[in-house]
Every structure is written in structure tokens, then in C-alpha cells.
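As written, the chains take the letters A, B, C, D, E and F, and residue 1 is the first residue of each chain.
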Amino acid sequence: MSEVLTFKLILVFSIFGVTLLIAMYSTYLERKVAAFIQDRVGPDRAGPFGLLQPLADGVKMFMKEEIIPNVSNKFLFIVGPCVAMLTAIMAGVVIPWGGTLTINGTQYNLQIADLNIGILYIFGVVSIGVYGIMIGGWASNNKFSLLGAIRASAQMISYELAMGLSIIALIMITGTLSLQEIAAQQGGGVGSDWNMWNIVYQPIGFMIFIICAFAECNRMPFDLPETETELVGGYHTEYSSMKLGFYLFAEYINMFTSSAVMATLYFGGYNIPFINDLGLDPNVATILGTVFFFMKIGFFIFFFMWIRWTLPRFRYDQLMNLGWKILIPLAIANVAVTGLVMILMD
Amino acid sequence: MNAVYILSGLGIFSLLAEIFSFRKILFPIVLLGLLATAGLLVMDWNTGTSHFSNMLTFDNYAIAFSAGIAVIAFLWFLMSRDYFENNTHVTDHFALVLFSLVGAVFMVSYSNLAMLFLGIEILSISLYIMAGSKMTDLFSNEASFKYFLMGSFATGFLLFGIALVYGVTGSFDLGKINQVITAGSTEFSALLYAGVLLMMVGLAFKISAVPFHFWAPDVYEGSPTVVTAFMSTIVKIAAFAGFFRLFATCFASVSGEWVNVVQVIAVLTLVVSNITAVYQNSVKRMLAFSSIAHAGYLLITLVALNEISASAILYYVLAYAAASLAAFAVLHNVAFENENASAESFNGLSKRNPFHAFAMTVALLSLAGIPPLAGFFAKYYIFTVAFESGYVGIVLLAVVTSLIGIYYYFRIIIAMYLKAPETTTPVAVTTMHNVMLVICLLSTIILGLFPDMIIKLI
Amino acid sequence: MLTTLLILWPLVGAAILLALDARFAKPWALTVSLIELVLTIVTVAQFQPDATTQFVVNYPWVASLGINFYVGIDGISMLLVILTTVLTPLIILSSFKNSYEKHISFYSLILFMEMALVGVFVALDGFLFYIFWEMALIPIYFICLRWGGVNRGAVTLKFFIYTLAGSLVMLVGLIYLYYQTPGEHSFAVEALYAAGQNLPASTQSLIFWAMFLAFAIKMPVFPFHTWQPDTYHTSPTQGTMLLSGIMLKMGIFGVIRWLLPVVPQGVNEWASTAIILSVIGIVYASCLAIVQKDLKRLIAYSSIAHVGLIAAGLFTLNKIGMQGAMIQMISHGIVVVGLWYIIDIIFSRTTTQEIASLGGIRNSAPIFTTVFVVIMLGSVALPLTSGFVGEFLLINSVFQFNNIIGAVAGLTMILGAVYMLRSFQQTMLGEANVRTQNFIDLGLNEKLVLYPIVVMVILIGVYPAPLLKISEAAVNNLHQILTNYQALSQ
Amino acid sequence: MTLYAFYFISFLAVLSALMVVFSRNPIHSVLYLVITFFCVACHYLLLNAQFLAAVHVIVYAGAIMVLFLYVIMLLNLNKDDESQKSNLWKAGAVITSGLLLVVFVGALRGAEAESVSFASSNNTGLVKNLGRLLFNEFLLPFEIVSILLLAAMVGAVMLGKTHMKRAKEIAHEKNGRGSVASARGIGNIKELTK
Amino acid sequence: MTSLSGRSKVVVKKEMTLAERMYLPAILGGVIITLKHLFKRKATVKYPEKKREFSAVWRGQHVLKRDDKGAERCTACGLCAVACPAEAITMTAGERKKGEENLYREEKYATTYEINMLRCIFCGLCEEACPKEAIFLTDRLVPTEFGRGEFIYGKDKLVEPVDNRVDVTKRQTPAVLEFKKHKNLSHNR
Amino acid sequence: MNENVTQAIQGVPLNYYIWLSTALFVIGVLGVLYRKNAIIIFMCIELMLNAVNVLLVAFSAYHGDGAGQVFVFFIMAVAAAEVAVGLAILIVIYHNTKTTDINVLNKLKW
């Protein structure tokens, strides 16, 4: 029991660390991708290839002057970024980072908690993520911030619906809400127990999901809450120093989490096709799987950035139209079609 | 069950009508649909089937009330044609009304508390919006919001009651609850008692019985007249039928526990509403208080629960609805520009539109309970029910209050026939209204002459 | 069947009237009422003057509540039906020279009223009685409301609420009785009699008061009379005629049919109270009548006085009193209709009803004066007029009951003579003034109304036997019931 | 252990519920209510109703309260512009609800139920069981909820939309005045050219 | 007007087809374009270590030339200041004292000479206006500073050091020299 | 894990949950009566509904019967619908009056 607990603790801390690390390097990656897409090289001074740049940024963030506007609601002003950060980190709890490790005959699951309602948990956490933005935006007592916050809340509520609906179709196929089971279902070896990745069954669902994920993370082309050309900086206009850092960090962590969720739900999670047929040692296979999982996550993070530097920003009404008039009906149709096909297949 | 299908289908159809531009034919289709609903319901007579694992039971009680609601809705649609036509969101309104009718049918046919709750909510939510459908009118907004706040507040009480009852009995099914209660495990009786009382409070809010009535006049006054008509007829019927169904079937075996409370509520309702109605200047408000008063009369049947209570209620609500709809239709036409017409705007109606004056007179006489109109028999049944159970005191009180009622009803009659009209322009009416009034009047008179038609039903 | 026809014919007539052109309204209404009269005569011709109830029709109406369409005619009802059907054509005729606006509704209301009145008198089912009772209220209310005088709104409302209050209490009593009926509950008169008579005395008293209140208000007996003078004063003449000529009799009839035999012990207990109230009413109303300046009010108060006497006589519970009440009802109905018409004529020609501003009409209108004299004498109960028979019998019965009360009740004749003669003197005699000097004598129409009345006043005064005979057996029967119970209770 | 957790969460729930009522700033009320809802969700977890807890967080904290916050922000109600009710009224409110509490306590005190029979399996809160119930026994209410939501949606859209339309009308009125003026101008020209 | 280049497109606002309205192909196209750029040669130059070649006509920081003997050429005539469209140049003139002949070429010289580098637009008009061939724009960059005042370059920064002459031959291409010979042109008068 | 949870439930008497939800409910009622701001009144109503939810879930867990929890779903759905409608009405009012203080809503007497 205590061994498992120790393992879980280690897992918690390592996942926490990895999350932060990946978030940090996402900033680096973002700049790099941006640069490359714009035919530049990006940061390359701090360390080799500029790899220490995130550290430098972090130090800069810490060293910046802490400004709390006089007219703001001081308590909430500080609470805002904390909530944003907290909810961002919490989502990682239910994601299965890998298969099972067997050490000394004890099976260790590379997942912090296998909730039977894993997807719902993620939804819950994501849905309260908006509080961070709203509280911060409101507490700043600045009209740009407030507008950003309002936009954020409307946007997140709207897209959560389509997101949920797209996942419902998936759940109909998998028959479970547990992420561990969903991931496991997409594995297997050649033969009778071979299962395809869910993307094969749910391409439209995935498309909707990824669009919604963009919107939920306030990423371009849905970064209306922080449109610098319109709202100066949106909800974090008044923020500086580490509080701003928290917001930015939260955004990258969200990106990381949603990439992980996407990979788990639609791209087989930690499963590598045909790896079971290679006859590897289970532990090695697990570790390989985890690595592969992070590669998938990395690809999606890259994809996030790629899109950011490709597409222009939506106008606000276009955003809402897309959410309500296209994605939701499409998602409902997807659910209906999925249901029909399932009935026909029976 | 067919009724539910048809009504919800109609609702969705009217939403689709906006898309496919069926607006022209929507009205006749809805009317036909309502008649079909009533017809199909009647065809189920005496079958007493329950549907969906005993969520709804269409016994004769439910069928009678549902069919009644469908017919009243039919009349209501006839009356409110111009309301729909003058509105930009025609189809939305149709849909809302039809959905609320679905809710009403649930409220009279439920046999599971979940269905009661959902029925109430479907009905209420549609009405919150309809009450506020005159956007630019602050009165309407206010009415809508008050209705909304009070409705949700009441829902809270109702739900708390349901929760407690569930806690004691472990089920939401009326039959099972009844079984458990009759089995008489006294272990949780205090919880059960609290639950029953809370549900009563919640439902009393909905039927606007007196300590919980204060929202009703405001809401009735502020809402557009046709919506008020809807509220004071269909909603009231559904709410009361639901109330009665719950207490008469489910908690009847512990009636000793709650009957005193109902008695107090009934007495208060009768006294307060009738007396307050006297002081009202706005006709709509007066009708609102009168509708509260009628809830009081209806509550008497619950106090004196016996085997003819159900039919007494059915008869009462039908009589009340026919008269009330007629009155509202006239009010709607008379006070077309000024929604909150005082009794003065009825001055000289007999000269401006004799038929309307006559219709209003008959309606008011029926409401006041003058024989041989239906309203009289309705009251009479209630009195007999009370008598049979030995509540002579309440009957005497009801007699006194109905006398008070005559005072305020007759004020309008006097205004119509006595006072000189401010304008001599005749009140313009549509044929639809006249047809509707004729139907209302005929049913008021026929119900009064042949009450056995309804009484023997249930 | 004849009874049903009697009830339904005016209703049918009223319905047809509503569809008719305004020109035909008056003749048609008259025709209907005359046909009704003919029907009554047919009925009377077939009527056997014994104690039985005849022409019985009994259909179930609201079976679940034991309500039947149960009507029939016995001697008492017969008399009152006659009164109704005789007076209605006269009343209609009396309105011919008035030009009421919307007179279609006016006449249909009168016919409707006639239907309800006949219904009240022939109903043998308690509930049916109540229905007709209330139905009679509606047309008269609207007649007063629409064609009445100043302040009619408030006055008629008062009247309506008063009477309805009484009748609702009566309804409560009836329902109570209904639940006491043995076996299958029923509102049939026999069942109610049986139920009521079996009740303990205390309950009977309660029922007595419940019912008596309704009847007392309708009549009206002393403390419940306050609605009456105003209403009479405000109503159009035809309304007043209906009110005092026929509707007032509903109350007395109610006492006879639905009170005395139903709760005999209760009656026993409270009869003296009722008598005292009635007698107080007589004196009080007579005194007020003396000081009235307005003719209409004067007659209104006199009506209270007369009806008080009838009530007093009735509650003495002896045969003379009852028979006297019967005959006096007829007489009072006829006379008072005549008086109202006379006042109407005076008013229409002089535009005033104030006694003080009249005078000297005799000079220009001798026929009118003569008619007035006869009818007035009928009212003050001069021998050989209709009033005399009734009042004599009534006072006699009250004397038998108690000398002092009888003496007081006897005042009614004296006081009646005082105020009637005084008013006659002041209006007809003396100097003619501006208003009265060109008083036109009776026209044909008016003669058609007043001559029959005069004839009837005299005829009944001279030869009341046929009328007495019609009701005698029924009254005897009733008296028998009461004496039985009196014997039983003592 | 669980008992202490219960105490703590309950205390927090009641406290923040009170703060909802008594804090002056609407935003604070909203946030306190969110905390209350989280506590309620924790209670659900204690009661082994995991699914419900998640749904609770999603629906209440994630949607309903955000909507509240949204409206408060949209209407810019962060000022304390709520006119205070008179002290009398407040006292009345406190007394009324105090009475209500007393009544409840009185009514429920008799309900000291120590022995409650536990069902053998306590998996009621699991998705599978709830789903089974929802789609068998409670199928009709489940379907009917869709009508409820549809009605609410239609209504909310109608209210919102009409308002937009009205705003347009106002704008139109302003323009209309201009067009009236121009029409008059045209009229004048016509008169002149006669 | 017909397009000479042939590159302009006529904009047609037509109703989009369903496929177009789905935008997916367009998005895909965009994504592919950016992807291509990802692998393109980067345009960035690592500046301090590696410098990009200046063009022949590059105009950088000014220099006040000395003559072969090391005396300043500028006589503070003010023509450059007059010519300057940005009003960046200012100076004060002084008289040469005895014994300063090796310092200043003419009797009159600029005691102060300031160019505000924040104002300067590096147009080169001063250079053209100068009759004494004293001011030139070189291929040097103006270094960054921390204060505004430090961008006002005095003679200390402008005049070339005696022992570290600034090469301006690039500015004096044969064409320029030829041009400057024509004294009759208004410019050179 | 389920065993743990069952024990956990047994650790807390059902009464405590009844008290808790009663307290929350009464606080909700208090808020409705005490406050004037329509939005806060509205929130207090939500609080009342939540009190009911807690009670239902507690009963459901102790009865081992899922119906109570299913009922909570319906309550949630209804709450969501009510909020949508209520806030829409509120916004319409706000646009007409520029305040959400219910005292402005006194055109109709209470």
C-alpha cells in the first residue's frame, strides 16, 4: 500500500515537474516555431540554440516590478492567476501517461487517479478554468480587461458545449468515461484484439474537438480574450511580473493538457501500433509508450503553434457563429450518425 | 400519451414553421392539433394505462383534465389570435404555449414526482417568457421577473418537500409512496410531515393560495392580457389538478396530518382575496384576485376530500375557465390600448358593443356563482363536498365570501350598463373572438343546465 | 306536461323575441304573456281543488346529486301562478307608452322573469326551487339596472347582494337538509319534509333561520327591509311592479311551501319572534309611510306594512291566517300593480312624484281619479274591496294568536288609511297647480291596464270564494301537518 | 476521518453560503457561491456520487455561475449600487428565516434516525448504474427535459433577440427623423415646382 | 487601364460554394504554406558576429573630414544646416586664432558642430550641400545609447580622429566627383 | 475503494446531511428575503436548489437507490434552464431600467 502511495507521490511530482517543464519549453517552442514559420531563427542566444531562453524569461518575469493597480480589487487580482494556474495543473490528474510498470512484482499504473469519470473530471476542471480569467479580468478594474474576461467566458461556455457533444459520440463508442480504459481500448496486438485509434471512427468528432480545444485554450485563431490589437492585452492587460507569468503558463499548460487529452482520446494515448507484437519487455514497452505519448503530445503542441501562425484571428461574431451555428449542429449530427451506425452494426 | 406526443410535435412543428415559412397555416394546424389531442384523449377513456414505467398514468382523472386543458387551450388560441399576429416572434410564441401545454398535461397525469416537477417547470419556464413578451413594457418585464423569482422560490420549497418525502419512502412513485405511507412506518413521520407540508407550500405558491399569493396580482396585471388569461385558466387548472392528484392519491392516507393546514390556507385565501379584490381598480388585477379566490374555493374540496371531490374540481375548473376566458377576451378587446384598464373603461360597453357586454355579464355572473350558470353549480358541488365531509363552517364562510365576490363582479356589470361611455366608438372585434365568446357562453350555460355531463365522468 | 309548458313558454317567447325586429317586440311580448295566461286558464280549468299536487312532472336532472326537474301544482301554487300570469300581461301592457331604449331586451327580461316566477311557484324540488329563485333575481336586477333612475347602480347592487345573501344561506340550509334526507339523498319536497321534520328541535331552529332569512329578505320583513324602499324607488315602474307585485310573494310562498312544513318544530319555536318582527315592521313601515314626501316611497313602505301583516298572519299558524295570507297575496299583488301604474301615470304627466307638488288632478282627470280611488280603497282594505277579505282574515288570526299583537297589527288598517287617504287628498284634491292643471285623463292603453285591475279589486272583494276554494284544501293540508307537529311537540 | 472532512466541508459550505447573502459586492457573492458549490461537490464525493459531483461542477460552477458572473460583468454591477433595504425589513427577513429554521429544526428533530439500512452494494453513484436508471425507469423525464431546455432556449433567444431588434428600431427612429426631414424637403420642392 | 505588370487580379465578390465555405481546403493550403516556410532558409543574420554587406550607396553615421594635413575642412558656412530637411544640424562659427592653422583649414571654423542623430534621416543632403567636402555619410552604424542626450553628436564624435581616418572614397565615386566639378551648376555655386 | 466509501458514508450519520441541507436551504431563503439585488436573490434560489440536491444525494446514497441521484440531474437541468431564462429577463429589464435592484420593479405594487 505504502509503496503504491510512494509511487503515486513520485508520479504526482514528476508529472507536475514535467508539466511545468513542458509548459516552459512550450514558450520556447512557440517562439521558435513562430520564427521558423516567418523564416527567422528565433531565440538562440541563451545557451545552445537558445535552450536556456525559458529560464531567462522566467528570471525576467520574477525580477519584473510587481504592479497591482490601485483601483483594482487586490485580493481577487491575486486570486485570478492562481486559479488559472491551479485549474490548469489539476487537469493532468486523470490522464494516463503510460501503461503499467512492474517493479518488484507490483504493478504501478502511470496515472495519478483512474477516475471512472475521467472525461467529466477534465471537463469540470476546464470549465472552472474560466474563473481565473474572469476574476483576473474583473479585478483589474480596466475596461479592456473586463472585455477580455467577458469574451473569454462567453467563448469558453459556447465551445464547451460543442466539445462535450463531440466527446459524447466518442463515449458512445468506447462505452466508458475512464481515460485509462479509453486509452487501453485503442491498443492491442495483431489479431482479434487489435483496435484502431479512435480517430478512425470519429474523424469529425476529432475535428470538432480540436477546434473547441483551440477555443478553450484561447489560442489563435480564437484568442479574442487577449487580442492585443483590440484589447491591449485582454484580461491580463494590468498584469505584470509573475502573475502575468502564471497566466501565460496556465495557457501553455492548458495547451499541453488538451494535447494530452486529444492524444489519449483519439490517437491511442500511450499505445504504439504493433508494439505488442515485438515481444518487448513490458516495462520497456511501457516506457516506450510513454515516450511515444509525449511525442504525440509534442506534435499537437506543435500543431497548436503551427495553426497560430497560420490563421488570422476571428471576428467575435464569427467566433460565436462558428460555435453555435456550425460546430454544435455538426456535433449533434455526429452523435446522431454515430448512434445510427452503432445500431446498424449491432 | 398521444396528447403529449401531439402537443410536443406541434411545438416543434411551429418552430420549424419559422424556418420553412409555414406561418400562414400554423394557426389552423395548431387548432386542429388541439382538437385532435382532445379527441385522442377521449378515446383512451376508461383504459387507465400508465406509460414509461409508471411515469404517467392516464386514468380518467388525467384524461378528463388533459382533454379539458386541450379544449380550453383551443378557445384560448381563438381568443389570442391577434396577440400572435401582432407579435414578431409568432412561431416562438406558439412553441412556448404548446410546450407549456405539454407541461400542463404532465401535471395532471403524472404518477411520479419527477414528472410533476418537470411538468411544473416546463409550464412555468414557458410562462416566465410569455409574461415578459412585451419587451419594452416595464410592467411586463416586471411581471415576468416577479413570476420568475417567485416561481423558482416555490420550486425550491416543492423540491425540498419532494426530497424529504423521498428520504422517508425511498421512491418517487406515487403508488409506492402511498404504499409506504399506508404501511405506516412511523420512524420518519416527522420528516414525512415536513416534506408534505413543504410540498404543499410549493404547490400553494403555484396555485397562488393566500399566504403565498402576493406575486399573483402583480404578475397578472403586468402580463399581456392574453397571457394573463392563459395563466388564470390553464395554468391554474393544471396546478390545481396536480396539487389535488398528489394529495388526494398519495397523501390521502395521512390526510389528518395536513388537512388543517389546507383548511387554514383555504380560509385565508377565501377571505383575503375576496376582500382585497373589492379594493382593486384595475379590472385585470380584480380578475387576478378573483382567480385567487377561486383557488380558495377549489381548496375546500381538498379539505373535504371524498370520492366526488375530483369531479367537483373538474367541473369547477371547466366552469371557471369558460367564464374566465370569456371575461378576459372581452377585457382584451375593451382595453386593447390600455392593458391595465380600470372598471371605468367598461363604462357603457352595452352601447359600444352589446354582445360583448352580454358576454361579460354572463361570464361575471358565472364567476359570481349565479344560477343557473355553470359557476353556480361549480360552487354548489364544492359546497356539497364540504357538507358531506361535515365542514359546514367553511361552507358558510365560502357563502359569505362569494357574496363579497358579487360586489366586485357587479361593479363591472354596473359600469357596462349604467355609466355613460367615454367614447362612443364601437369596440371592434373579429369573428374569431365572437365565435370564441359564443362557445364560452354556450358552454357556461350548457354546463350549468346539464352538470351531470361532467360530474359523472370521473 | 302543462306545468313544463307553463315554465317553458315564456322562455321560448323571450328567445323568439330576441330574434325579432324591434317593432314587433311589444306586441309579441304581450302575445306571449297572454298565451301564458290562456295556458294558466286551461290549467285552472283542469285543476281539482283538493289537497293533491297535480300536473306533476318529474324528470331526473342531476341524478348524481339527487336533483330532479320535479314540478307540480297544488292549490297554493295555483293561486300564485294565476297571479303571475294575470299580472304579467298587465305589466307589459303598462309599459306600452314608455319608450325604453333597447326594449327588446326589456321585454325578454320580463318574460324571462315570468318564467322564473312560475318556476318558483311550481317547483317541488328544493334545488329547482332555489335555481328558479335565483333566476328570478337576474332579470329584475338588470331591469332595474338598465332602466332605473338615479343612483341605480349602488341601489340595485345592494338589493342584489341582500337577496343573494339570504338565498345563499337558504342554499346552505337546503344542502344540509339534503344530506339529512333518508335513503338515497334527494331534494324532492317530500324527502325534504321528511328530513326536516325528523331533525332535533335545535337543528330545526337553525334551519328555520337559514331559510327564514332568505324569505324575510325577499318579503321583506322588518330588519331586513332596508334594500326595499330604495330599490322600489329607483326601479322603472315595470320593475317595481314585478318586484312588489309578484316577487314579494315569492318570499311568502317560500315560507308556506319550504319553511313551515319543513321545520315545524323550528317554526313553533320561532314563530312568535317572526310575528313580532312582522308587526314591528308593520308599525314602523306605516309610520314611515306617513312621513314620506315621495309617492313611490310611500307605496314602498306601505308594501312593507302589508307584507308584514301577511307574514304575521302566516306565522300564527292557524288556518284563517294562512287562507288570509293566500288571498291577501293576490289582492296585494293586484292592487300594488295598480298603484304603481297610477304613480307612473302621474309621473309621466307631471314629471314629479312628490306629493307636495301635486294636487287637483281630480279636476282634469275624473276617470283617473275614480280608478285611483277604487284601487286605493283596495289598498286600505275597505270592505267589498279585495284587500278587506285578506286583511280581515289576517288580523283575525293574529288576534287569535295574541290580543295585543293583534291590536297592534290592526293598526295597519288605520295607519294605511291615514297615509293612503292623505296622499290621495293631497294629489287628487285641492287646487291644481302648474304641473297638474293640464292633466290628461286616461288613454285607451292605460284603461286597458287599470280597468281589469279595478274589476279584479272589486270582484275579489265581493266574491272571493272561487279563489279561496282553489287554495283551501292545500292550506288545510298544510295546517294539518303543522298542527300534527304542534301536538307532537307539546 | 470522513467525519472531520464532513465537518470541515460543511462548515466551509455554510460559511460561504452566509457570505453569499451578506457580502455587499455581487461578484463576491458569486465567488462565494462557487465555493459553496465546490463544497457541495465534495459532499457528493463523500457520498460516493462521483458522477454527480463531476456533473455538478460542470453544470453549476462551470456553466451557471459563469453565466451569473458574465451577466454581472456585462451589466457592470461591480459597484455597490444596491439600495439597502431598511433595517426593519432586514430584521424581518432574518426573523422569518430564523423562524423557518426553528420550524425545520422542530420538524426534523424527531427524525433522529440512527439505523438506516444500507443497501448491500453502494455503487449507486456510478455512471453505469445511474445510466441504467436514467434510460430505463426515468426515460420519459429524461426525454422531457429536452422539451424543457428547448422551451428555455427558445424563450431566452426570443428575449435577447427582441431586444436587439428594439435597439435597431431606436437607431432606425433616429435615422427616420432624418428621412422625415428629407421627405419634407422633397415636399417643399414639389410645392415650389408647382 | 490595362495592367502593365499583369500581376493584378480582378476582385470578384461571388457567392462562395459549399466547399469554399467550409474553408477547410483553404486552411489546409495555409497550413501547408506555413509548413513550407518552416523549412526555408532563414533570413536572419547573427549580427555582431556576422555582418551583412552594405550597399555602395549606404548612408550611415556622419563624419567631418580633415584634410590631408589633419586640419578640419569645415568652415561653418551653415549650408548643411540649411539643407537639412530634419533640422538635425546646428553649429556655431568661430575665428581661427594664431597658431591654429594646422587645426583648421580656413580662418573660420565651427567651434561647435552638433547633429541630433534622433532627428537625422540620413538623407545625405548635408553631404551634397557641403562646398568644402567636409561632411560625409559613412557606412558606419549609429550605435545605440541609453539617453537621449547622448544621441546629440558633437564634434568629438563627428570629426574623424587624425590617426584613424574614415574612408569615404566609396562616397566619392567618379560620378560624384565629376558632378562636383561643374561649378556652373547651381548646386555647386 | 468502494468499501472505503461505504465506510465513509457510515462515518457520517444521515442526520448530519439533513441538518446541512436544511441550513443551506434556510440560508437561501434568508437571502431571498434579505437582499434586494435581483441577481443575488436569484443566486440564493440556486442555493436552495443545491440544498435540495445534497439532501437527495444523501438519501439516495443511504437508501442505496439511484433514483434520488437521477432526480438531481433533472433539478440541474431545470436550474440551468431557469438561469438562462432568468438572466435573459434580467437583461431585458436592465436595458429598460439600468439597474437590477428589485426596488425599481415597483410599478406593480406587491
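Criterion: a contact is a pair of C-beta atoms (placed from the backbone, for glycine too) under 8 Å apart; a residue touches a chain by one contact, two chains touch by 3 or more.
What you see is a predicted model, and the numbers here were worked out from it, not measured in a lab.
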{"item": "Topological distance between chain C and chain F, in contact steps", "value": "2"}
{"item": "Common touching chains of chain E and chain B", "value": "none"}
{"item": "Pair with more cross-chain C-beta pairs in contact, given D-F and B-C", "value": "D-F"}
{"item": "Farthest chain (mean CA position) relative to chain E", "value": "C"}
{"item": "Chain with minimal offset from the mean of all protein Cα atoms", "value": "B"}
{"item": "Centre distance in Å when chain B and chain D are each reduced to the mean of their C-alpha atoms", "value": "28"}
{"item": "Centroid spacing, where centroids are CA-atom means, of chain A and chain B in whole angstrom", "value": "53"}
{"item": "Approximate Å spacing (C-alpha centroids) for the pair chain E, chain F", "value": "73"}
{"item": "Junction residues of chain D, two or more chains touched", "value": "51, 55, 63, 67, 74, 104, 108, 111, 113, 137-138, 141, 145, 148, 151-152, 155-156, 159, 162-163"}
{"item": "Residues of chain F whose C-beta touches two or more other chains", "value": "18, 25, 28-29, 42, 58, 63, 65, 67, 70, 74, 78, 81-82, 85, 88-90, 92"}
{"item": "Overlap residues in chain A, where contacts from two or more other chains coincide", "value": "none"}
{"item": "Overall pattern in which the protein chains touch one another (line/ring/star/complete/other)", "value": "other"}
{"item": "Interchain contacts, given as pairs of chains that touch", "value": "A-D, A-E, B-C, B-D, B-F, D-F"}
{"item": "Touching residues (chain side chain E, partner chain A) in the complex", "value": "27, 30-31, 33-35, 37-38, 40-44, 46"}
{"item": "Contacting residues of chain A [partner chain D, same complex]", "value": "73, 76, 115-117, 120-121, 123-128, 130-131, 134-135, 137-138, 141, 146, 149-150, 153-154, 156-157, 160, 177"}
{"item": "Chain A - residues contacting chain E, complex", "value": "33, 35-41, 44, 306-307, 309-311"}
{"item": "Chain F-touching residues of chain D, taken from the complex the two chains share", "value": "1-3, 6, 10, 13-14, 17-18, 20-21, 26, 29-30, 33, 36-37, 40, 43-44, 46-49, 51-52, 55-56, 59-60, 63-64, 67-68, 71-72, 74-75, 77, 81-85, 90, 92-94, 96-97, 100-101, 104-105, 108, 111-114, 116, 118-125, 129-130, 132-134, 137-138, 141, 145, 148-149, 151-153, 155-156, 159-160, 162-163"}
{"item": "Chain B residues touching chain C - in the complex, by the definition given at the top", "value": "308, 350, 354, 361, 365, 370-372, 376-377, 380-381, 383-384, 387-388, 392, 395-396, 399-400, 402-403, 406-407, 410-411, 413-414, 417-419, 451-452, 455-456"}
